[in-house]
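For reference, chains read A, B, C and D in written order, and residue numbers begin at 1 within each chain.
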Amino acid sequence: MGIKKEGFKKRKTSRGKTDKHEPRKPNMSVDIAGLRLKNPVMTASGTFGYGEEYSEFFDLNRLGAIVVKGLSIVPKKGNKTPRIVETSAGMLNAIGLQNIGVKAFIDEKLPFLRQFNTPVVVNFFGDTVKEYVCAAEDLSREAESAGGIHALEMNISCPNKQSGWIVFGTDPKIMKQVVSSVRKATRLPLIVKLSPNVTDISLMARVAEDAGADAVSLINTITGMAIDVKSRKPVLSNVIGGLSGPAVKPIALRMVWEVCKAVKIPVIGMGGIMNSRDALEFMMAGASAVAVGTANFVNPAATVDIIDGMERFMLQEGISDIIDIKGSLRV
Amino acid sequence: MGIKKEGFKKRKTSRGKTDKHEPRKPNMSVDIAGLRLKNPVMTASGTFGYGEEYSEFFDLNRLGAIVVKGLSIVPKKGNKTPRIVETSAGMLNAIGLQNIGVKAFIDEKLPFLRQFNTPVVVNFFGDTVKEYVCAAEDLSREAESAGGIHALEMNISCPNKQSGWIVFGTDPKIMKQVVSSVRKATRLPLIVKLSPNVTDISLMARVAEDAGADAVSLINTITGMAIDVKSRKPVLSNVIGGLSGPAVKPIALRMVWEVCKAVKIPVIGMGGIMNSRDALEFMMAGASAVAVGTANFVNPAATVDIIDGMERFMLQEGISDIIDIKGSLRV
Amino acid sequence: MHRYFKAKITGNVLFNKDYRLLSVSPLSEFAVPSAGQFYMIQVGNTLDPLLKRPFSIFRYKNNTLKFLYRIRGKGTNSLSALRQGDTIQLVGPLGNGYQPPEGNFIAVAGGIGIASIFPLLERFKKKAYLFYGARDKNELLMLSEAGKLSRDIFISTDDGSEGRKGFITESLKDFLDTQLCAPTIVSPPGAPRSDLKIYACGPAAMLKEVSKIVTSRNIKCYASLEEHMACGIGTCLGCVTRVKGQSKTSRLPDGVRERKEQATEDWIYKRVCKEGPVFDIEDIVWE
Amino acid sequence: MHRYFKAKITGNVLFNKDYRLLSVSPLSEFAVPSAGQFYMIQVGNTLDPLLKRPFSIFRYKNNTLKFLYRIRGKGTNSLSALRQGDTIQLVGPLGNGYQPPEGNFIAVAGGIGIASIFPLLERFKKKAYLFYGARDKNELLMLSEAGKLSRDIFISTDDGSEGRKGFITESLKDFLDTQLCAPTIVSPPGAPRSDLKIYACGPAAMLKEVSKIVTSRNIKCYASLEEHMACGIGTCLGCVTRVKGQSKTSRLPDGVRERKEQATEDWIYKRVCKEGPVFDIEDIVWE
């Protein structure tokens, strides 16, 4: 909460300087887990690669933060294809967490990302607690020695090899263990990314908070399935996949609203955000920032369109600071 | 399982009679919880009223079963409006379980439904275990004395007044208690309708099975929310509502598939079924029957269109008995 | 009855700014609508938008159904993209519609409410004193035709760009309190004031104001309401509104009690799509 | 680079049965495509269908991009409903495209694969021996134009309704084994067989057969692959295919072990949208 107060102070200073006679640009900067973002729009992990591809479509400096594709200490090849299938207003994916591994990321991708003055959040996961800890350690070591990594986001929506492949993020005890262990392994701001496949998302958020998370982000994808009636086979080679996109937005928004009431740490909202109105809904529900996922596939410039749209909304409504939108829902 | 075997036998007999030279009508009848349905297509509770309105659009005799709007022993007025809002490929509803009560249903609606040779499944709920039991008793008494009620479906996706308004269907213990109590109160086939807002749907299905359910149906709506950005207010007067429609289909299908692997009792699949292909997906995943909800709003003749479409599919694919579709997914 | 049918779009033209006129020609038998009834209309070809949208019958002539609509959100935007030759599904006519007026009557239309009121003017030519209000002159649709079909027409706009500046309910009040006294205009001398029926359709704020006006003056008034609708045929219970009445109390088993609030309330919910959309305004319990 | 732009639809006409020809005229600067590249194309106006769909550039002329497509499911159905004058968004050109042939070459197109092969014929006129197969004669598109643009054309249909009956790979095999011996047809006498490049696009089954044919004969072949795509630009990792190669092994901390299967495999995943869609056929590891 100390962080938030600091944010307020800074804002006041900057406000004093603004010319009152011109329609001033609204202040869109937010503070999350000790990070100051120039605006609350982040990319959702796994939908933005390591940033390179999108740099061709817009200036990455415009983003609030870049969250990269999930990394593991052991590189992963991922699932067989088909890995994706479109559903009504959504898509299922079963990429299988393909990634180049922490080391290759540091060597080959991070130098590119260092060129931008946008915070880089590294999403990571593991099959075991040990793997989580190793990944966090390696990433933290790099952050301390060479910089360029500004926060970590733990993906806990993957199965735990050591407890019968129960998904870390669906069992409070297993989750507590892995988050606490990672907390001890890093001094970087730690964001825990919650799985929506649970009965009580507020409980899971509180577990993350208690275990030392600086922020929570949600929602990850919701487990789903599609069948090809002609061949009588699952469409995805992996049988089940994760649902994302506008179809899940009402569920995501409800969960974000619940979590915002349950924890004191900042909440990053995502799930089906396609435009600035969607993003504003999440902010009004209490999110400090938002992440854009599937929309990047539909429109490679979705993130900047959303930033511009939020700014336009603030100008139209005469809102000078984004903090006045956060949690402003009238119930 | 005895029921199913009987089903097989009957089929054999009827098969013998068919003329082998004509493209014979496929056998679409299924057995569920001791009921024989002429086809596997039921209506989803709350989307079909008490049948009257739809009788104007098609012959209710064509349906596999009619499931009526959820009843409680105490009539309920429900929530303020807005009660519904459309979302991407889905809708949120917060009707608030408005209903005329068990007594008025028996007196005013049941006589109409008795005209049809389609089994009537009565969906019901309560605020307390006591209310559930009373509703089940009254309905069973009527069924025994005057007929016209062929099965009960328990909606457990509502909050329990006596345990801090925890939703019955999200806590295995509370759920076990209410299902066992109702089981003792009725000899009618008992279908337990599962809530999808849980971490482990298979576990809940097994709890229902162990507590004496003859079948489970799923999914009920998924809790969601929508915000009107202009007014900064939730769109629904109740703030949160239940998501249904094609948006939830991938989630529903996955849950049905999981539950079919977990229990031995028949499973009734629903959630976003809009056409015969969707219905077939649920059957292939293992459902013995399906229910059609939101689609009725979009197309008042959705159920019969789906029945016709399934029959066409069976003819095209040369499938003579629907039992050959059930659980035929190749994984 | 053929209340579910396909129809070919024969026109979907820009009427005025954000307003369009949709004309469809049913491809099978269909029932004839009456004023105040509505249709649930398919507005797109995919699952987004998902639900049909309700629109009042605006005109019915030569086997063509016409609807006047305002582009508001997702559904109406999608509808506006459909074109001549496209086939859509409709459910209707739905709802009760207006009870036919006897003799002269007053019609009050606010904004797109004119779509619902118009068939009354057309069917009962030169019988209506029409009070028609809108935000500005661009939103006053069908003005000359409506004028021709009415006995007299009173116009207002919020910004004064056409007719009187202000709300149309002000014009109505003035008319009732001043001109109504001149018996030649409205009804034979001596006729009771309550014989004069008012038909109103428009935003909730307007209807509430009309309600106040008619209650204090003891005039019969029918108001057409709007609510978010999913089914339009009475099954989803999404579209309810409060009307005066007492819930039936049922004898309850021991240990089960009625909710307290509910037992003491003197209103019940009715479905706008089924028991409405037109209600006797004195029955409506405004929230 | 302007690889994300809006374009006006200037035509979307029924080509032949289930096939359509889409012509669009970009509304802003755009990059010029080369043969074998593709675009992600918006196929509807709402969130269902949600994702863009990939289509190969078929023709590029006078600032107009043309795509030949087959109506298959939701996305292509929705695309077929768009009309002249509508504006859609495109991302592209994407992917590597075909390496330009030197001299004569062989082109193999199966079904809608002709869309991808056609720009090669058009750019390198009279250089191609075209092998073109389809299910029946109605699915053989652009036949006379393709014939005119090719050095020679060989046709087959599964049902024999046009050209040779059977798979086009049979015709290819025969050609390679009989006619290829006549040096005048293909290349100057004495040229190594491997100078003759093959470009192939079509269903996976056809490409696998082509793969067998060329491997045993040591002929260079480029095949254009298809996979379900979400982004088309390399970020979703949805569209991968197996190609020969060794994963890098990274030094792992104590207690963390590489997955066994992974460590021993001699293939890696590449993205069809980014490193492809055209691959050297000998690199592809068929599943």
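The rule is short, and it goes like this: a residue touches a chain if its C-beta (ideal position, glycine included) is under 8 Å from a C-beta of that chain, and two chains touch if they have at least 3 such contacts.
Being a predicted model, the structure only gives us computed values, none of them experimental.
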Of B-C and B-D, pair with higher C-beta contact tally: B-C
Distance from chain D to chain C - Cα centre to Cα centre, in angstrom: 56
Distance between chain centroids, defined by C-alpha means - chain B, chain D (Å): 47
Intercentroid distance (Cα basis), chain D paired with chain A, Å: 36
Where chain A touches two or more other chains at once, by residue number: 88-90, 245-246
Touching two or more other chains - residue numbers and ranges from chain C: 47-49, 74
Touch-based graph of the chains, sorted into line, ring, star, complete or other: complete
Residues on chain D engaged by chain C in the complex (per definition of touch): 44-49, 74, 78, 81, 83
List of chain A residues in touch with chain B within their complex: 87-90, 92, 170, 197-200, 222-227, 229, 231-234, 239-241, 243, 245-251, 253-254, 257, 272, 277, 280-281, 284-285, 313, 328-331
Partner chain D, residues of chain B touching it in the complex: 88-89, 246
Of chain D, residues touching chain A in the complex: 1, 3-4, 47-52, 74-75, 89, 91, 227-241, 247-248, 250-253, 255-259, 262, 265, 268-269, 274, 287
Touching residues on chain A, where the partner in the complex is chain D: 46-49, 53-54, 56-57, 69, 73-78, 80-86, 88-91, 93, 95, 98, 101-104, 128, 130-131, 134, 137-138, 245-246, 274, 294, 296-301
